[in-house]
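Just so it is clear, A, B, C and D label the chains in written order, and each chain counts residues from 1 on its own.
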């Protein structure tokens, strides 16, 4: 049931709720799983100096990013007793309210999924070369920085 | 955007992936949200003394359970900066591989959702009077105890 | 005192009912439990908590006449 | 030495290209950066990290001839 093979992490555009629902559905045949934990990053319509973010345009150093995703994946499987793990990140334009990051971990037991999910999300934020251009409603922009 | 009104937590039978996907979809109009965290409890086909669990039949002391869910909800909103919070728990029969618990928290920022979700799930496990009868394939049963 | 008692899960299996009413002379939860232990022999072998008016209480608690529930270990989620 | 350089995000905005090749006499990442700072004035005002062969390196690192990338702050998720 371990599921360690490298996957394509990047998806063009937003990650839809249908895609997420379907991904959950696919795990219902894996009856050793007792707990799933899902993180979703959603683009906020932040107001900055009176202007509102309408979308983020994501780019990445894709080769390095895929390598980093792979390392995060390997180290999560080494640290935690996970049955499955999936990561999807958007490239291109994702509008405010849409989902740009989907991280999904599953395990027989719940304690494991909480720790694993936070570890993975923090590693993605810190280590993966993805860049975000926040587009305002007037088409001006600024560059996003993770806090 | 705070969403504190009491809700019906119990649902008859399993919680479907469609229901979960739809619930995610509904949050895409809430553009102050930056992070969602979702916990799903799934019924495991545990093998116990050579017999395999095929389903769990859930019952509850419903009045007290709803009161406890309400208290958990209030204290989560008091402790954490949450935009929304939803809890659904199954009653009746949920087959192995199906989902019996769906907890969904959303916030502008990610650190909050990790802490809040774990707090809520642990409180549900410890404080809410829900009972689970593990049904084996030969129709014998045993009573589930949370660990 | 007239007490309404609810049984759940494995306890309801033992009592063979989910609810009953008892007329009681005693004052404490422990006195009610003594009566129930006599009525349902297997109850002694089971781990459970007692709720009065939907709040968990110790066996030294005074009965108020509110609903009593016998709750086996929780198994939510 | 022949070096292939990639630019991302805000850096690509400044360089106005996502990729270029340079012929270089220097030995260290810092020497490459000096040249780039001269070529692209605004680079000095920007916070960035350097990757060589897809791994972050310090400016004292020796150039190996592998691909160099100038990476502004990460913003994934």
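The rule we apply is simple: contacts are C-beta pairs under 8 Å (C-beta built on N, C-alpha and C of every residue); 3 or more make two chains touch, one makes a residue touch a chain.
Just so it is clear, the structure is predicted and the values come from calculations on it, not from any experiment.
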Chains partitioned by contact, subunit A not counted: B, C | D
Distance-maximising chain from subunit A - centres being C-alpha averages: C
Whole-Å gap separating subunit A and subunit B, where each centre is the average of the chain's CA atoms: 22
Whole-Å gap between the CA centroids of subunit B and subunit C: 27
Between subunit A and subunit C, centroid-to-centroid distance (C-alpha), Å: 48
In subunit C, residues with contacts to at least two other chains: 77
Where subunit B touches two or more other chains at once, by residue number: 41, 110, 121
In contact (per the touch rule at the top): chain pairs: A-B, A-D, B-C
Residue ranges of subunit C touching subunit B (in the complex, touch as defined): 6, 8-10, 51, 54-55, 69, 71-77
Parts of subunit B lying in touch with subunit C, wherever the complex brings them together: 41, 56, 58-61, 63-65, 67, 89, 100-101, 121, 124-133, 143-146
Of all residues in subunit B, those that touch subunit A in their complex: 17-18, 20-22, 24-25, 27-45, 96-99, 106, 108, 110, 113-114, 117-118, 121
